[in-house]
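Listed next: structures, encoded as structure tokens.
Both complexes shown next keep subunit A, but they swap its partner, so subunit B is in the first and subunit C is in the second.
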Partner chain A sequence: MHRTKFRWHIVIFLTPAALVYTAVMIFPLFNTLRLSFYNEVGQERLFVGLENFRTLFLDPIWSTQFWNALANNFRFFIIHMLVQNPIGVLLAAILSHPRLRCAALYRSAIFIPTILSFVIVGFAWKLILSPLWGIAPNMLDAIGLKSLFEPWLGKEAYALTTLALISVWQFVGIPMMLIYAALLTIPEEILEAAEIDGITGSSAFWKIRLPLILPALGIISILTFVGNFNAFDLIYVTQGALAGPDFSTDILGTFLYRTFFGFQLQLGDTYMGSAIAGAMFAIILLGVCVYLFGIQSRMRRYQL
Partner chain B sequence: MSKARTNLPISLAMHTVLIVYTLIALFPVLVILLNSFKSRKAIFRTPLELPNSETFSTVGYDTVLSQGNFFLYFQNSMVVTIASLFTILLFGSMAAYALSEYRFRGNTLMGLYLALGIMIPIRIGTVAILEMMVATGLVNTLYALILVYVAQGLPLAIFILTEFMRQVSQDLKNAGRVDGLNEYQIFFRLVLPLVRPALATVAVFNMIPIWNDLWFPLILAPGEEVKTLTLGSQVFIGQYVTNWNAVLSALSMAVIPVLILYTIFSRQLIRGLTSGAVK
Partner chain C sequence: MKIHTRQWILAGLAITVSQVASAQTTLTIESWRNDDIGLWQEKIIPAFESEHPDIKVNFAPMAPTEYNAALNSKLDAGSAGDIITCRPFDASLALYEAGYLSDLSDMDAMDGFSDVAKSAWQTDDGSVTFCVPMASVIHGFIYNKDAFEEVGVEVPTTEEEFFAALQKFKENGNYIPMAMGTNDQWEAATMGYNNIGPNYWKGETGRRALIDGKQKLTDEVWVAPYATLAKWEPYLGDGYEAQTYPDSQNLFTLGRAAIYPAGSWEISGFNELADFEMGAFKPPVRQAGDTCFISDHTDIGIGMNAASENPEAAKTFLAWVGSPEFASIFGNALPGFFPLSDTPVELEDPLAKEIVGWREQCESTIRSTYQILSRGTPNLENETWGASVAAIKGTETPEELGAKLQEGLNSWYTPEN
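Up next is the complex of A and B:
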């Protein structure tokens, strides 16, 4: 057996992508995790082990902020799951109806918010909900519910929920599209067979279609989880880096930005910033693992 | 189902739900666009009416165009987006070709390594990315943004393109080899043109997040000359927050390019989303 000639073209095809990806994504990721074990003492960078994480989880000043941001982040995620998925399934179910007219038109229109930037979405809703402009109170007035109006973004009790709903409004297009695609792959024969067995209408949906789109719902859940746990833009745009009122809308992304970059009087802290990034990494990794090993591998996939 | 097909009330109910939701989805955008063409008084007195000859005014746009560098921001966003997309497609398809076409030791491992980044957001590494960009002097340049977006876009691009390239006929490539084409010619002349639909899907998926990103422009390139449209409009609106005409016009100017791009590419985008390319 003589060795075949070294195939240089494979190296040339792979190198550019591998190089950029390693240098700008993987290496900084590990470097950030490494920095979370260091701190500056005097002028020098010193290895401090888990000290930064102890500060983050246990120090009274840091830990209140951290646990607050984490709890808010979970609430943000849960509101997404509870509101975004049912609306997405409902819209997709209607859109996939075979006799529906103008389906493409509705689909394109409903997807528009998803393509807008957080800057546009955040400011647009801020203006609409503003008591100064009065669009929201006047519209509530028109249906006789003016008493329900509150400056939602300015009240601690409502601000985070309001922001989560704005984010749902923006992203509902994605679950809608993915579930729509999953519904389209269900063969007509299965539904017809069910119909012969007397399963029609809404029970056909619950018993036949819903189990078949569960894998799509799983993918949507993990996408939402990852997206929510590194969210930043919407809250920064509407509430600023301080995530007001009184940190009630602070999530991990805004907490990381504030810590790493500093704001007003607080100086930026590279090492504590890295520690927060490390915590975010752990949470996202945990979520992805739960999905891959706990949910996806156990989900029953039906051969269609 | 056959009952529903002929059932008028059900069809009516479906359209009602869709129309209501479409209104919810479009209402904020329409309110912003309509009011940006009104005088200050009309914005507050009749926010829900169309601008008419009495209330029409472009004072907001005048402020935006004279005070903000919107054309520069727009140009920066274009440069960043197009350069990133081009590089993602070129590097991504090259790597995907190597992974799909050749058997070599470490192929699977390389594929897994490159796929890691699909689920892990690049933002987690921001601290070290900024340090690196400062050290290499790339901070406050568009190159910093392009590099980050390329690194962020490559994993999913390679994943999707590998799947598509596996479907390219082996006979065709072998025929090319017999005709004396080398591996590079086979890739550029035979394979790339055949996966054009997949390239378009990847481009459309990457275009929106790159254009809309606020985090990296804010951290890596906040300088006036390199601001992207997203960051530029965010800063502008922050400064002119009490000038409603200017704010509404700035928002509209940020919306319009995206809407134009969307009308051009929406078919591609929706086809990509519904074709299972992201599964």
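Up next is the complex of A and C:
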């Protein structure tokens, strides 16, 4: 019998990446989860079990903030799903049209905001929308719609939607690219065969292309979900850590930041902060699981 | 631009040379005053270094809103600088209790400060002082003298006159009556509520009574300032809801607004930007003849990182910060940050002189939420930001706000007696 030699080179090649990943991702993740079961009493760290989570979910002071942040986060996510992804699909469909000129130019132009820093995007939009110096009021004025202008970022009713749309503007390039790539993989023969059967134009899109890009849409949804529930930067840059006005733009990320690191006179609370981080982790994990087991495994795939 | 390049090259050379010499200790200062970086590098540090050639000082500031969080993380990680600029009250007290700040009680320089000045950086029983008091800021209103003349408005001293003046500017229409926005929230609380409030709660009397539990935030003197803030709303600019703090500063310095609810720290920046004459008036009193109260808030102290590798050099620097020489350089380099040392400092800036003169005419107090009352969750200071904004926008009534704040405070704070 000839036993296969243990392939050491695999271990050697994997080790550096595994070590680095463990040190900067896995260890901090589990340490944060561990910290959420502790609290400081006096100057000592004590194990308190689920006490922090009980405070977070049941104490009125914490739970109103938590549920508010979670609800805002869902709104943020739903706006992305309703606006970003359909526009992404639409743009990809237009871009993949064979007779479109300068497709490469549009593709780059739409994708460029994605590679910009949040800070730039946040400040640029804050300036654009500024009621004092912004160009938005002037532009609306030029077409006689000045009355429609509102200081959107400063009003409880509009601020979160405005921020979500800014984020959509920034990231619409990603679903566009992924779907564009998926559309390009659809073989011409299938479309031709459909054409012979009399399916053309928009019905070709709905009946042939869309089912074939569904897996890509699934991936995009889950990326949006994870991205939105980890979002923080844009809100922090435009509205600050208090996520004003009156916490109407507070999402889990800003809530976590404020609690963990403190803000102004509020001192940082590592343990409650970790509890919030734990809750965020659980929410994201749950969402991903629902997708993986509930949706992806049932999705019909077509061999192209 | 050319001069700049040359300066950088020289600076680079200087660094290289000093590294070759290498007998020097370098002190790094953590601070939130990134606006002052020029003054530190051009005036304060050279003055110190010329006296102490063996110590190099590096001023490393960051954004004010990030400071507390970033400093705490740096101290935890052991990467913070030798010298720590101290926020007043609990933020620094917590750092001392956690062992991050050194006890400075026995420094000679401490004798040059009054107990009130030191109170912001002492343990509750006053036995240990852990930061050298540096400066306080005074609240009031800065106004555009040209605008006042043009529209023919007298400088107001009572609330009635104050609103009459605002009304006159509104009717005239050339100026936004008052430059303040609610986007950043703290303006409404700091330049609004805690600016006008001391006249209502009688300064220290009310502030102490609140800490002792003899007054409640639902009492008239604590609720009424919110009602007054609500009356400001019609006089703020269009879209004030999304107006940020820099927006307000720009509106005023560009000459588009008549009155700016201010902290004295604005003076040096405004002097540079505004090309009109500015004046200042203290928070208007409720009735003519009332004693006036001002918020003279102990704002900056400076302490030593207990883990500093250069404790001797750090103490030398702190002793110098406590000296009258520093007070004079600092007070004049940064008009609007008023030195706290007992030795009076002659200020040159007319606006700063006017404001610091209020100390003689009125009773001083500090911001109501800073001592003890912002220790728990919910944090009273942060809640006051939201409440002041809500008052101005009119989303909640002053009574509701008072009740909400008191309820939050009750949830964790029980007065000692």
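In the analysis below, the second predicted complex is superposed on the first by the 292 of 304 C-alpha atoms of A that agree within 3 Å, B and C clash if a C-alpha of one lies under 4 Å from a C-alpha of the other, contacts with A are read in each partner's own complex, and residues count from 1 in each chain.
By our rule, a residue touches a chain if its C-beta (ideal position, glycine included) is under 8 Å from a C-beta of that chain, and two chains touch if they have at least 3 such contacts.
What you see is a predicted model; the values in this text were computed from it and never measured.
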item	value
Partner chain(s) touched by A:131 [first = subunit B, second = subunit C, both, neither]	second
Chain touching more of subunit A, residue-wise (subunit B, subunit C)	B
Which of subunit B and subunit C A:274 touches, first, second, both or neither	first
First, second, both or neither for A:177, with subunit B first and subunit C second	first
Which of subunit B and subunit C A:58 touches, first, second, both or neither	neither
Partner chain(s) touched by A:266 [first = subunit B, second = subunit C, both, neither]	second
Which superposed partner A:245 touches (first subunit B, second subunit C, both, neither)	second
Partner chain in contact with A:155 - subunit B first, subunit C second, else both or neither	second
On subunit A, the residue positions that both subunit B and subunit C contact, one per complex	133, 261
List of subunit A residues in touch with subunit C within their complex	43, 61-62, 126, 129-133, 137, 150-156, 239-242, 244-247, 257, 261-269
Interface residues, subunit B side, partner subunit A - complex	1-5, 11, 14, 17-18, 21-22, 24-26, 28-29, 31-32, 43-44, 47-48, 87, 90-92, 94-95, 97-99, 102, 104, 110, 114, 116-117, 119-129, 131-132, 147-148, 150-152, 154-155, 158, 182-184, 187, 208, 211-215, 219, 230, 233-234, 237, 244, 247-248, 251, 254-255, 258-259, 261-262, 266, 269-270, 273-276, 278-279
Residues of subunit A defined as touching subunit B within the complex	7, 9-10, 12-14, 16-18, 20-21, 23-29, 31-32, 35, 87, 90-91, 94-95, 97-100, 106-121, 123-125, 127-128, 133-135, 138, 169, 172, 174, 177-178, 180-181, 184-185, 191, 195, 200-201, 204, 219, 222, 226, 230, 232-233, 236-237, 253, 256, 260-261, 270, 273-274, 277, 280-281, 284-285, 288
Residues on subunit C engaged by subunit A in the complex (per definition of touch)	65, 68-70, 72-73, 87, 89-91, 94, 97-98, 181-186, 237-244, 247, 250-251, 369-370, 374, 377-379, 381-382, 385-386, 389-390, 393, 395, 408, 411
